Amino acid sequence: MTTSVSPPDTVPKERTAGHRMPFWVNQRLGLLVLVIALSVLFGVVRPAFLDQRLVLFPLLRDVATLTVVALAQMAALSVGHMNLAVGRMAAFGAMFAGIGYDKLHLPMQAGLLLCLAAGAAIGAVTGWLIARTGVSSFVVTLATDFALLGLVSLMYSALTEDAAFTTRPAGVDALRSYSLADICAGPVCGSPAVPQLAQFTVLAMLGLGFLYGGTRVGRELLLTGANPAAAELSGIPTGRRVLLAHTLSGLLAALAGFMAAAGTGTFRASIGDDFMLPSFLGAVLGGTLLTGGVVSVLGTLLGTALVGVIRKGLDLLGVGLESLNIYLGCILLLALSADRIRTVVSYRKVVRST
Amino acid sequence: MSAVLLECHDLVKVFPGVRALDGVGLRLTAGSVHALLGENGAGKSTLIKVLTGVHSPDGGTLTWCGEPVRLRSPLEAARTGIGVVHQERNLIPGFSVAENITLQKPPARRGLVDHAAMTEPAVACLTELGVDLDPARPVRELSVAQQQLVEIAKALHTESRVLLLDEPTASLSPEETDRLFGVVRRLAGRGACVVFVSHKLEEVFALCDTVTVLRDGRSVLASAPLAGHSHDDIVSLMVGRAHTAAGMRPRTVDRSAKPVLELDGVATAGGHRDISLAVRPGEIVGLYGLVGAGRSELVKAVLGLDRVTAGEVRVHGSPARIRSPRQALHEFGIGYVTENRKEEGVFLEQPIVRNITVTVWRRLARALGFVPAGEERAVAQDLVDRLGIRITGLGQHAGELSGGNQQKVSLAKWLAADTRLLVIDEPTVGVDVRTKRAFHELIWDLAHDGLPILLISSDLAEMVTLADRIVVMTGHRVRGEVDNDRDYDRMSGRIIRLIHDRDEVRS
Amino acid sequence: MSTMLDQQGRAAAVLRRFSRTTTAMLLLVVVAGAVALEVASSGSFFEGSSVRVFLQYLATPILIGLAQMVALCVGQLNLAVGALGGFTACLTGVLMADHGVPAVVAVGAGLVTATAVGLVTGLAIVATRINGFIVTLATMTILLGAQYRLVGTRTVDGYSATLRDLGSAAPLDIPLVFVTAIGAAVLLGAVMYRTVAGRRLLAAGGNPLAARLSGISTDRQIVAAHTLSGLLVGVAAVTATASLPGVNRSVGGDWLLPSFAAPIIGGVALTGGSIAVFGTVLAAFVTRLIDAARAQFSLDPSWVNLLIGLVVLGTVAGGHLHQTRLARTTAPSPQPGGAR
Amino acid sequence: YRNAPAPATGQAPTAGRAGAGADLADGSKTKVALVPGGAHPYFQPWKTAGAAAKKAYGLGDVTFDETAEWDQQKQNNLLSTLAARGYNAFGVFGVSPTDINTTFGDLTSQGFPVASLGSCPAGNTDEADFCLSTDVELAAYKAAKAAIEAMGGKGTLVHLTGNNVDANTQLRIKGVARAVKESGGKVRLLQTVTDIDTDLQTAQKAVSDLMAAKGGQITGIVATAYNPAVAAADAVRSSGSKAKVVAIDDDAKILSGIRQGTVTATVVQNPAGQAEIGVWALALLQTKQCAMRDPGVKVDSGSFVVTKANVTGYDQARQAKTRQLKTEFADKYLACG
């Protein structure tokens, strides 16, 4: 391809140079500021908020789990789909871990692998159906949700006495209650606020960050979400990308199921019951588009953290159930409106400086 | 001197990182046809959007019949008497043709829509344009060109005193264009002012009386009579320097070479019958036909998007079953530049760098599929420079580009792909004169270097400039083939005859 | 002669096209399901009382499905359907039971409140430009709190006997609440297909930019859609209040997913611009048939869920494959690209 | 809360009658948190009983926090937040009976006394200091017995209950099954309808459908979850069936059903007693004044069948049971001084 088109010299240099928007117009930054501001506010009003062991540790453990849930949703959203079965896929995965520990007496790592494999498999089946039939992901994952809801209950009823697998192999308890304070390099130990369970979240975030930010497949996932017709015509195997997105979603959901089970104690059917709304909330707050094509791994963490911090702060203030949800909704709206104003103002600034 | 309808001074419109309008003046008088010219990204569409209340200006004044006005919304502009056809098609996909045409002012009684009363004005507008379309058909089923015509009919329906047409002819064939010109002249005769944006200067000179030329958001020629200017003057004004058309390197095609792509008696589920054609290395084969002739559909069927029901497709001599564009690209090296850039060509909400490099990630990828961002940007930047795409940064979203620049982006992706056969569908729709020239040189040089090219275009001049052979299609059938001798008049005569022979046969 | 043939041909074509739609498939499922149940219950399924019970519980799914559909048609989601419904039902109940407000006034207040909440939600979305998903999620949270604050954990039941009688009244074994729901569906259909306001909603959903360029304010349509959605939720809440043994904080807790399921199974796209009133009603019928089957065959809910899931997955896949096969043999040029 | 029994009466006097050394010396440093699984009418007496106990024993604080919302993770979080807020003794209804031991373990390992109130951990171990709860299986058994008795010892029974995959539900199913088995084949358990406690409408729909499909055969209904109980009374009446309904708990709605005769009987539990005794014992443990003789002991807080006959006076029986519990604790379970 040797062609000779003279570069047009009428394009002024300053027009093509440089970035479009300065860094501070970034939505993620707004979220980070919100999270920090609210933490400081709660910390001032209730100094106990900064109690590392009793407040920050459980808060972070919760955020760690829900972030993985939201990442699972994000994977589906990246191709413009939804996964309404996140919670049930989590239960499905956790069930396999439970079976692994209870019936097969596997060590912790092997059970975790089994759990992830089960999640990925069910995600793949869902994705395959969607890609093959072209039916809306909403309908298919809703049906998967029902199927799993039934299957998981049946399996627990058949295999267990109390509808839960109570065997816990060595290491699970450590995962639940150990923090970085239990990891020492000589005399220096980590912070007791950071749970070891968060290692999975960090791994998942790094993996997805690399996938979506650095690789061909990640880019193709996003373009599939942005415009499936154009993606297909650009030579992207959209069907396979849809399959992959749902497989990832299932895998992450199963990981979240494992984390939730390790965090509370046993592998039971009700794991993931309340995953659906937080999964969307975290991802969408973080800047992932419901219509596909745009994801944010870090934003997902921040979005989840924002909700976690507000809730924790209200708990610490001793707000009762009569007011808790009202405050929660209002603070969320106010915080986001404030951030919205920031975005508009900064946008205006950029326009003015042009 | 007839009345001044709409006038603007010193209009300024700023987007982050770009001053799209930077002090534009314009005066529109009743009864005239006004040309608005400029290169891609000069600010024509932005000006039209400011004049119709889509964008609010950041500076400048606007007067309507001598009175200052502020147009805060498209509705206000329409009420004032300004009608518009935007550059991008903007129809409601699920609504019928008739309903789309009457969308602005649906016939209604007491809040109830009268579906029956829609048909008549819609049909009237369509017939004025000489289009025969079922008014009850949903527009999502129409081809690009048909949608464009509906869009124009919609503007006619509003009966405005100022009608702004932003590249209405971009995807029309000469027939439709002529009929549109008739309509425009009639409107001007009735005392309206029509603003006409086009990159086809022949059309501009055939139609317009006055002209405004924009360059980098400034008017370099404001509301002057067109008669005093020559073709080259105008181009020089647009480009900002003397414009010289360089000749193209002579190119010969080895007719004895084995065809890279061969269709032999192909029929498709879409209704094509008995299509045969061949493209050889280094050859540009044109596929010409009127709107709706089925050219785009044929190519899509060959690429596996529709079913080939009979006949044989051969690539490099061996029969090929292509099931998807992906397979076409990766197994057979066939690239397809689609005509429908907004829906199928570019990813509007994605950065330009991704839009361009989507076809080359496979090549750039390292271990674990890692694509180095630097290399990716280098590939994109190279093409941006080569095609002169006007952007504020590689991270800018493609949707924020001017129409012509979007077209360049959608072509750039296939130039990056290094294909062994390129199918190009309407490559220069909405591309400015200079860049069109550059495109032509580019395509020419690609062929010169041995790449076989199948070119679909409704622009006959383009066909005559580029193609070695022109295959003429109407009604999903090949009507004949002419060898191009690069003489426009002779060629157009022969082609038109081929097309009309079939009409006679049918009637 | 030829015109008659022509007409027949056209009718056949219309019929053929209809047979390929989601609506036709749902209709088939409903009829087949009802017949199967009739056979299984050895003839008691079509008896008056069974029909009454069957229809009685269709009102809510139809109404909330329509409420969601209105939001979907402008490309919005309304996550607050259940919370708003529950709140409104509790408000109506509490007004009557604790404050002695007459039933008519309380019902009116309920409808107005629900509509007003919808309006405020719409305005908030437009004013803040925050994603409608997040805004309705926030309103959902707030309303859940408000509902709890209203009734706490008790069940409020000391309210108007007339309202209750109306709620369970079923002249000719057709419950009034069902008639209300069908009435709402018919009205909504008329509004969406026949009125300028309805067409505007659809236009704004189908292509917001194009609508804006044609002088339709998309902002206003978003507000209108949420308001209308709120009104429909209000109607659902009032019918629920009338037919429930009492209202408590659990009312509305199970509405969210069914509200999405009905329109989407009925053929409405999540991306906006399309509606399917009849499809939504039929989808509600289908889900109701499953309830009836569960009672008829004494099925364990786990098995029911499993079967529903598998059957839906199966039919969805099968139906689609069938459609594509049909399309391949007859229709031209399917659009390329992926599933949404 | 309207119909909550008034547990405040007779608290201070009972304290006097307790065993030696079981009188709380100084509870001003003790801050007790009562944490139910979520919002539910069953727990409402805890609020008043807790407040009364605070006053009676002069405790630092007693709080009632129902923000756990039936989610074990939320409940765990809530408990640690409460600890951070300075609460140092916990009475908890575990959301998940199989998980709650882990939570209890966490709390006890930090030196907090913990009582499992209203529900015991599943399995045989109990990491809490003690469990004071209705014997769930026994309560369901009593309810089924009452229904069978109302049915005249024979007929067809239906059991309506909540979440199938929950250890307590499994116990309830077992209890009902035991009562049916004891009838020696004269009573048939037609169906156990699970998972209909999510909301009132679901429950009502399920019961109505059941009555429409099988109404003719059913002669008795035992509901061991709240929403199904409320729905059952109403649906039976409106379908014109003669089936007897036995419900659970003493929410106002159900008591009025008993008075009207739409509900034949209800099995009332003793949440007020759980809170009262729980708070008192927790305070003794927290001040280190006493220790558990046998940590993890399970104590039945009592359940009573209420019919139209005893609907006015059943609270006395409950208070008597509470008093008896107190002496039992002082004499048998606590080691003081």
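Read from first to last, the chains carry the letters A, B, C and D; within each, the first residue is number 1.
Keep this in mind: contacts are C-beta pairs under 8 Å (C-beta built on N, C-alpha and C of every residue); 3 or more make two chains touch, one makes a residue touch a chain.
Just so it is clear, the structure is predicted and the values come from calculations on it, not from any experiment.
Looking at B-C alongside A-C, one finds more C-beta pairs in contact between the chains of A-C. Our note on geometry: chain B versus chain C, Cα centroid distance of 43 Å, whole angstroms. Averaging Cα coordinates per chain places chain B and chain D 74 Å apart. Between the CA-based centres of chain A and chain C the separation comes to 30 Å, rounded to the whole angstrom. We define each chain's centre as the mean of its Cα atoms; on that basis chain A and chain D are separated by 37 Å. Shared interface positions of chain B, defined as residues touching 2 or more other chains, are 325, 344.
Residue positions of chain C touching 2 or more other chains, listed in rising order: 148, 152, 300-302, 336. Residue numbers of chain A whose C-beta contacts span two or more other chains: 153, 157, 227, 229-233, 321, 324.
Checking each pair of chains for touch leaves A-B, A-C, A-D, B-C, C-D.
Touching chain B in their complex are the following residues of chain C: 194-199, 202-203, 206-207, 209-217, 273-274, 328-329, 331-334, 336. By the touch criterion given at the top, residues 77, 79, 124, 128-131, 133-135, 137-142, 144-146, 148-149, 152, 257, 260-261, 264-265, 269-271, 300-310, 312-313, 316-317, 320-321, 324, 335-340 of chain C touch chain A in their complex.
Note for the complex: chain B touches chain A at residues 14-19, 39, 58, 215-216, 239-241, 324-326, 328-330, 336, 338, 343-350, 354, 358-359, 361-362, 364-365, 368-371, 373, 384-388, 390-393, 395-396, 413, 415, 417-418, 434-435, 438, 441-442, 445-446, 449. Of all residues in chain D, only 1-2, 39-41, 43-44, 164, 190-191, 193-195, 198-202, 204-206, 208-214, 227, 230-231, 233-235, 238-239, 251-253, 256 touch chain C in the complex they form.
Residues 1-12, 15-21, 210, 214-220, 222-223, 226-227, 229-237, 289, 293-294, 347, 350-352, 354 of chain A are the ones touching chain B in the complex.
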